[in-house]
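As written, the chains take the letters A, B and C, and residue 1 is the first residue of each chain.
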Amino acid sequence: MDGRSLIRRRAGLRLWLSAGWLMLLGIAALLAPWIAPKDPLAQDLFLGRLPPFWMAGAEPGYWLGTDSLGRDVLSRILHGARVALLVALVAGTITCLIGATLGLLAGFLRGWVDMVISRLIDIWMAFPPVLFSILLIAVLGPGLTSIIIAIVVIDWTRFARVVRAEAMAQGAMDYVASARVAGRGRIGTMVREILPNVLPTVVVLLTLEMGIAVIVEAILSFVNLSISTDDPTWGGMIAEGRTSIHQAWWVLVFPLITLFLTVLSFSQLGEGLKDRFDPVLR
Amino acid sequence: MIPGGAAKQDMRHRVTGTGMVILRTLLTRLLTTVITLAGVAVIVFFVIRVVPGNPIAMMLPPGATEEDIARLSALYGLDKPLVTQFGIWVAGVLQGDFGTSITTRQPVLDLVLGRLPATLELSIMALVMAVILGGTAALIGTRYRGGRREGAIDVANGMALSVPDFLWGLVLILLFGVLWPVFHISGRVTPSLELPFTTDFYLFESLIRLRFDLWADIVAHMFMPALALAIPLAAIIGQLLKQSLKETMNLDYVTLARTKGYGEARVILREALRNAALPTLTLVGVQFTFLIGGTVIIERLFSYEGLGNMAIDAVVNRDLPLIQGIVLLFALIFTAVNLIVDLLYAVLNPRLRHA
Amino acid sequence: MSFLSIRNLSVRLKGGPPLLRRVSLDVAPGEVRGLVGESGAGKSMIGKAVLGILPPSVEVTAGEILLDGTDLLTLSAKDRRRRIGASCALIPQDPLTALNPSHRIGPQITDRLVDILGWGRTEAEARAKALLAEVQIADPDRVLRSYPHELSGGMRQRILIASAFAAEPRLIVADEPTTALDVTVQKQILSLIRDMQARHGTALLFVTHDLGVVSKVCQRLSVLYAGMVVEDAAVTDFFAAPHHAYSAALLAATPKYTDPKAGLNPVPEAVIEAVRAEVAAFDRESAR
């Protein structure tokens, strides 16, 4: 077997593992109200900091133990998946639509449109993104909608930067010129000729962006600026686990593993797709 | 720039003259920096004011009376029209007055400058770690290219790149704070220690004063946050540098060096590394600004008393002048880093250095 | 006894077709041997095999390369490198890419003397200066302090020649050293190489596609087709009467310096067919 097919096989495995985990997570999120063993909000101070099932002192039914308020860790992780994936899908898609459109316009139309958008991107790049998002949440108030808006406002530049460069490269090619000669309008050319060619890149970026959205949500709930503190979020659980790390490591470890795998999967899925789309490797 | 493009670059710069090139780069960059900073100032100022919600009410504890609100508004000049407020703020900033923090009643500039050294030390330590880790990975990967060791390095790089600093921080806390507690998981220095320092550059000053006991304590505090910040950047350096090293290793002057009797390691280090490092450098500059941005959440995670931790407190406490000051400072650092990288590139590239 | 002796050397692309087919040739001390053939005939590959710089995608399948009686292919990588470094040198094809853009000229000549051969720094620098003077560079001090991009292509090729002779090697491989240069510079560089070779008594393996160049510089030549030596002869004999049909056709295809109007006669199809059949027969033979 030569190196190239080895790379492809490894990339294929990576692609399927990531997709598998995300599918599993998606199903768990959808079915959370039915498959979660306990009510994620139910507190029971007598059952506080129960260890996971294989350790001494575990209670049956609390598979992954409980946090300091006696809430079931597994149930909270499952319900947390709903928040995480919702943010990933909605914020990712909106960011993608706005960012890619702006990038396409800047890269294809050039001129003053490009000037304005590029300068905006420069300004955006000078903001520390985490601080920016925290700032926005502070202004918008906590809540899912605020998180989604914050992600869109901050991350559109990721799409705009890449799509702009791609559109510019594509716009310089002969097939675009011939479409124009054939009498297609500027916007028509952009939508019919350029867009399909930048689409693979956009899909890859979208996948990566979903992973980023999951992280941003986790960070914001870690800083306690996400949705209300009672609602289960991975970031909120991690924040709680961080404070009681020496007493109850499982409160931190399980949501962390879930988050880690999810972020890794989105990223590997994106990279895997990139290899798939890459004509050099295909 | 790819090494193969060398000849073309060569021609262009010989014609223009080097001093001119650097000067022109500098001027363009300064101009765009000013525009960018102005944009940042405008956005941060208006975003925290224009969006629904009375900023004065946000500053006060719940249950404050209308009178309190009015008095406070007047005190901070917030009763004036927005544009006037902005003018006053900008005029102040240009004179070095960033206003007064609402929560601590201290000048914003003093607060910010007091915390800046902690964040700078953390960022630079992280950068050094990233360069060492990434550089080593790239060199080993190049030395054993095509082999299993290169494959292992690629996989590790891919992992490191996929997961952001925040998660690496948590993983490190579990590993070196709980499982095998060798490093401190919070703070910048053990609070009970007597600090003889006159500056806020603890790490640097402890070295200068030869207080290695303090230095070790500070490093034990900084190690994990710095490593968490360093891991993703190390992966990027590892990937880019390995890529361009491998390209460089096929160039004629490297082949010629091989015929002279040099070993592989020496050929990589002496012939290829410097030329391969140049294209990596610019990208690392951009990535370093991401690293600095990452200090905000990493400092929070490790309760490290730096600028980022203060920024989150400022946001939570609705301390508008402090938020403005910190964001502006971050923007200034970001643009400065990019400028420095551009200049460094010019200095390190002999084609640009000599006319 | 010959200084370099290649015996039945076979090289192929890893998992691919052969690139050299049982090549044998000898270079006596101080002798100049030309390696001639069309592009892809494997003439550069021989030079690379001798210098131990075959690309990683290529492997030696059989044969020996005897340098001063020792088979390089049986040595450890390190010993081979040391031995080649101490007694051989390369004059590369493209002077624009063969000098490291990050280093000044001085160290690029002197480093091997200091690091590999253990010379003193000042001694090596004096040597570099003398060599630059020898290759007719007007201002050696300035050139030694220059970066490659500050010098012209012809100048850089002179430096590379000087550098090749720096350690008084016993064998130099010149890999199409004039191909990348302007025609006007080509002649100067060619006569420079010849003069230097004669003065230092160095054996030279001269890779070229140009029989005209061979007639001026070499004493013996090997003609290659598809990695096979089709003719090995003294230059005078060869130009008087080439033995192999292919080399005869190649000679006929070369413009004569004496009579440029004679024109180019491309190698006839029939000759190509015949030599291809010969290669195929050879492959059948070795497959058996």
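One rule holds for everything that comes next: contacts are C-beta pairs under 8 Å (C-beta built on N, C-alpha and C of every residue); 3 or more make two chains touch, one makes a residue touch a chain.
Bear in mind the structure is a predicted one, so any value in this text is a computation, not a measurement.
*Asks:* Point out which chain occupies the most central position, where each centre is the mean of Cα atoms.
*Replies:* Per-chain C-alpha centroids ranked by distance to the global centroid put B first.
*Asks:* Given the contact rule stated at the top, which pair of chains has the most C-beta pairs in contact?
*Replies:* Result: the chain pair A-B has the most contacts.
*Asks:* Calculate how many whole Å lie between the centre of chain A and the centre of chain C, each centre taken as the average of the chain's C-alpha atoms.
*Replies:* One centre to the other, that is 58 Å.
*Asks:* Please work out the Cα centroid separation of chain B and chain C, and write it as a whole number of Å.
*Replies:* The mean C-alpha positions of chain B and chain C differ by 51 Å.
*Asks:* If you average the CA atoms of chain A and of chain B, how many Å lie between those two points?
*Replies:* 23
*Asks:* Which chain B residues touch at least two other chains?
*Replies:* 146
*Asks:* Once bound in the complex, which stretches of chain B touch chain C?
*Replies:* Answer in residue numbers: 3, 6-7, 10, 14, 146, 250-253, 255-263, 266, 271, 274-275, 350-351, 354.
*Asks:* Which residues of chain B touch chain A in the complex?
*Replies:* By the definition above, chain B touches chain A via 32, 35-37, 39-40, 43-44, 47-48, 51, 53, 146, 158-159, 161-164, 166-167, 170-171, 173-174, 177-178, 185, 289, 292-297, 300-301, 308, 311-312, 315-316, 318, 323, 326-327, 330-331, 334-335.
*Asks:* Using the touch definition from the top, list the residues of chain A that touch chain B in their complex.
*Replies:* Going through chain A, the ones touching chain B are 3, 119-120, 122-123, 125-132, 134-136, 138-141, 211-212, 215, 218-219, 222-223, 225, 238, 242, 245-246, 249, 252-253, 256, 259-260, 263-264, 267-268, 271.
*Asks:* Chain B touches which residues of chain C in the complex?
*Replies:* So the residues of chain C touching chain B come out as 51-53, 55-56, 78, 81-82, 84-86, 88-90, 92-94, 96-102, 111-112, 115-116, 147, 149-150, 160.
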